[in-house]
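Below is one structure. I have some questions about it.
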Amino acid sequence: MMPSLEVKIGSLSFKNPVLTASGTFGYGLEYSQFVDLNLLGGIVIKGLSLKSKQGNPPPRIYETPCGMINSIGLQNIGFEAFKKEKLPFLKRFNTNIIVNFFGENLDEYIEIATLLDETEGVHALEMNVSCPNKDTKWRRMGLEPELLREAVRKVRLQIKKPLIVKLSPQVTDIAFMAKICEEEGADAVSLINTIPAMVIDIKTRKSMLGTTTGGLSGPAIRPIALRAVWEVVQSVKIPVIGVGGIFNAEDALQFFIVGAKAIQVGTANFINPTVTVEIIEGIKQFLIDERIEDINEIIGSFKE
Amino acid sequence: MMPSLEVKIGSLSFKNPVLTASGTFGYGLEYSQFVDLNLLGGIVIKGLSLKSKQGNPPPRIYETPCGMINSIGLQNIGFEAFKKEKLPFLKRFNTNIIVNFFGENLDEYIEIATLLDETEGVHALEMNVSCPNKDTKWRRMGLEPELLREAVRKVRLQIKKPLIVKLSPQVTDIAFMAKICEEEGADAVSLINTIPAMVIDIKTRKSMLGTTTGGLSGPAIRPIALRAVWEVVQSVKIPVIGVGGIFNAEDALQFFIVGAKAIQVGTANFINPTVTVEIIEGIKQFLIDERIEDINEIIGSFKE
Amino acid sequence: MNKLFKSKVITNEEIRESIYLISLEIPINIESKPGQFCILRVNQRFDPLLGRPFSIFDHEKDEIKFLYRLKGKGTNVLSKLKKGDSITFAGPFGRWYPFPKEDFIVVAGGIGLASVYYLIKRFPHRAYLFYGVRSEREILFYEELKKLSKQVYISTEKETNYTYKGVVTELFKEKGMALPLPIYACGPMIMLKELKKIVDESRLCYVATEERMACGVGACLGCVIRTKDGFKRVCTDGPVFDLRELVL
Amino acid sequence: MNKLFKSKVITNEEIRESIYLISLEIPINIESKPGQFCILRVNQRFDPLLGRPFSIFDHEKDEIKFLYRLKGKGTNVLSKLKKGDSITFAGPFGRWYPFPKEDFIVVAGGIGLASVYYLIKRFPHRAYLFYGVRSEREILFYEELKKLSKQVYISTEKETNYTYKGVVTELFKEKGMALPLPIYACGPMIMLKELKKIVDESRLCYVATEERMACGVGACLGCVIRTKDGFKRVCTDGPVFDLRELVL
């Protein structure tokens, strides 16, 4: 008998716990040539803002040992274009559409959150509290507990749909940041976002990117992400979504075992465009081999 | 004409800026079968405490993508044995001996620092403020600004030799932590220590280590370490020693260019026991090729 | 349409110093167009992590070829692959060179030849090829190119009995500019910049560009370059652009 | 004394399903002793990162051999190496088996044979070999072992015309325990635990142990195991220990 992969996050149920990570799966369309989007637990859309954004100057990516750094700078087409040009296509699929969003300041966060909340076809919102490449007071919202508290509270008040807060790893105590989100009514937290990092060209003495620093992602950061998820799971009751260097079913299962309710696959899509479905299949196979009927049985089954 | 590799840290001068990282080069002896220790800028000794320590239960290491996690737990032979059994051998070499030290609590830190300060043959002290595998109030000294301030101040008061504080990367604002060390009279800061991380065995549902978490090191963390060094260099005037994933001369040069006065080579020693001398040679060659006569000319030459 | 292939190496030879030609099996019948590229995953481990983009050098039925120059770790690992080794690659991706409807001009700089050879080979219309290399030794596929093209002009740093002295854009300016034909070009940035200077805005000039890539399918926004109307993705809006669009 | 070698692969063959024998050039004349190991760096990139420790299976003049079983990524990459490929390795490291001064008993479980073959081969004194494998197919170097040893007893899961049914420790208990000779053993942890149970404290029993390693030279303290007097390093205090010391 086929094991059940279904999980619930807030009021939303996912046919399986494998989602795509924001910014690594475009607007879904780009990968539909490789993957039947209906098979995915959910798709998290590239960070969206009220108005379209140009993003950072190239070069924007550089490969590092078992990872990559990027400085895309949250380039996106803006809410209106997303609603008109991308959403209709996404609606054709039977999967959860989660929109990752951000703003230059708290008002913008609230504004776009409100719009997304009213937009049919968007199932949940993921609030990106770390915009590594922008610099405003609110840029620090992911780093300073009190800013985070105020931001989550105000956004939460505006929206009915499930709210996921995506946490930055660049903090002393990520479990405490997660706790704040829980206290302010977030339905879930997802972690980790990329880790601020840097690579320079010793010949030119300049950054390998168009910006000084970028965000590190990929297998290199997986053990850090797993530890962060473990810390957070111990401090909150709301679902935790694990993100960071997940490249295969075994990686994903590590996150479930420490207590993640779902996972997001990011950089791996670039290296293997069908990785998401392979991970779903791999998880199924593992459950069958281990005679486990429901994925929820292994979530949090870590033995310390 | 041969370029000069000499650098100064506090009152101490180094024939070259390539040191070994604590815990990765044992007590020097272990690698003397591969490397002429006289060629090194300095040797940083495995973390030393007043009394010997057993360390953590095995298994203690596990390989991760382009990195490794360890949970050695600061096993060491203790001050007396070090002084009697290891130091005499080390004194035979013409290189700087820096002892990395720690304690279970601040008193122990002060006590061993005082002893090391009086010990002939020890040229400088490196204070390890992050003992990832112990759990006491003072374990958080690397994470909480006020604890760090008190600890550095009290240790500083006791010792005359150069004091290097080794910073943990697991903080929101590492530049601020470095600033505190500077304010309290540290002669230099070294960073980064390993990053808390975790890997589990999906079959047994247990950690791959004898402990739940360990510290991540190796090429995987190099871009994170470089960014941390860059942040710190901008906020302090004291020398900054770069550590983290340095495996070749090009890696090392990236740290100098962003402003590190010296670097430490850790995990790389395990993969290539002669890597330190190869890095020194590689730096020399680069300076020759670029017609630079003094390494100090490239330190901080980063173009933003 | 399938765009991801678990393939095997047919041959992988160093045809000149640090220049390799790799030929891969392509199990099913796919369509590819000159100017398009594929992303090769050089090994199954995570270092190097990202796939490497290479122009389709040639493609016939069940065999696809890439011409590459050793650059860093990725091409280095790639060059070690031997006959029978398995390799995965994805593609073809990107905007191709608009099909020539008449004879055409090709300006190729160094390894840029990799992107235009297939163009020269595939159409009934024929090319006036302007091909720049550093030295005679670096001239690739001379015989084939002579056969396939209407005319071949080659520039090298030093003059030889069948090459001109100087950079390829100079040579083109001298011998090709007058021809009232569309231009197709691929080469290093300096060559494209030079073309931008010398080619009249009124002329059709298609150039293949390069930028670091992660996904290759337009999703990561990592491969953008500057154009008159903002950043565009080399992988999907390019790699072939109308020279007039580009801000170089 | 030089302990780091840039070497080349002489041969690397799958001699049984997922069991490989790799032979490497060893440029200079070095001394190695049975029970010691080397650390092989399976590739030049950073994934896999750490070297892999393997017992010296055999060593003659300018050629050194390792017998290994496919386990995970490292041995997988290693198994892909072909004749002529370059590989770096370090060693020999660790405490060897004390040289036998009389005939001796060897208990080997599975791939544990890799550690004792050199011991059996190298000394005038001869071995009573007790060798446990799962099935007949897994028996390695049967002819050589018969020649080299005084007597060879083999255990398999199912009885065959020249093997006994059961685990090797059982077989040893039955046929070997009575022999008043020193014991040398290498095999999986369960085998060592079983030996610990059945071998009298008064007897000399040397066993080769395994633990994950990083440096291989005693510097990282990563490879410790439990002994009567605290943690000891497999790489330098071992890998060969007196069974009585170990806390298994």
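Order of writing sets the labels: A, B, C and D. Residues in every chain begin at 1.
One rule holds for everything that comes next: a residue touches a chain if its C-beta (ideal position, glycine included) is under 8 Å from a C-beta of that chain, and two chains touch if they have at least 3 such contacts.
Because the structure is predicted, anything quoted here is derived from the model rather than measured.
Ranked by how far their CA centres sit from the centre of subunit A, the chains are topped by D.
With centres set at the average Cα position, the gap from subunit C to subunit D is 52 Å. Spacing of subunit A relative to subunit B, judged by their CA centroids, is 34 angstrom.
Our note on geometry: subunit B versus subunit D, Cα centroid distance of 36 Å, whole angstroms.
With touch defined as above, residues shared between interfaces to two or more other chains in subunit B number as follows: 64-67, 218-219.
In subunit D, the positions touching at least two other chains are 46-48.
Judged by the touch criterion defined above, the protein chains are all mutually in contact, each touching every other.
If you check the complex, the residues on subunit A that touch subunit D are 65-66, 219. The part of subunit D that touches subunit C in the complex is made up of residues 45-48, 73, 77, 82. Subunit B makes touch with subunit D in their complex at residues 23-26, 30-31, 33-34, 46, 54-55, 57-68, 70, 72, 75, 218-219, 247, 267, 269-274.
Subunit D meets subunit A in the complex at residues 46-47. Within the complex formed with subunit A, the subunit C residues making contact are 1, 3-4, 41, 46-51, 88, 90, 211-226, 230-231, 236.
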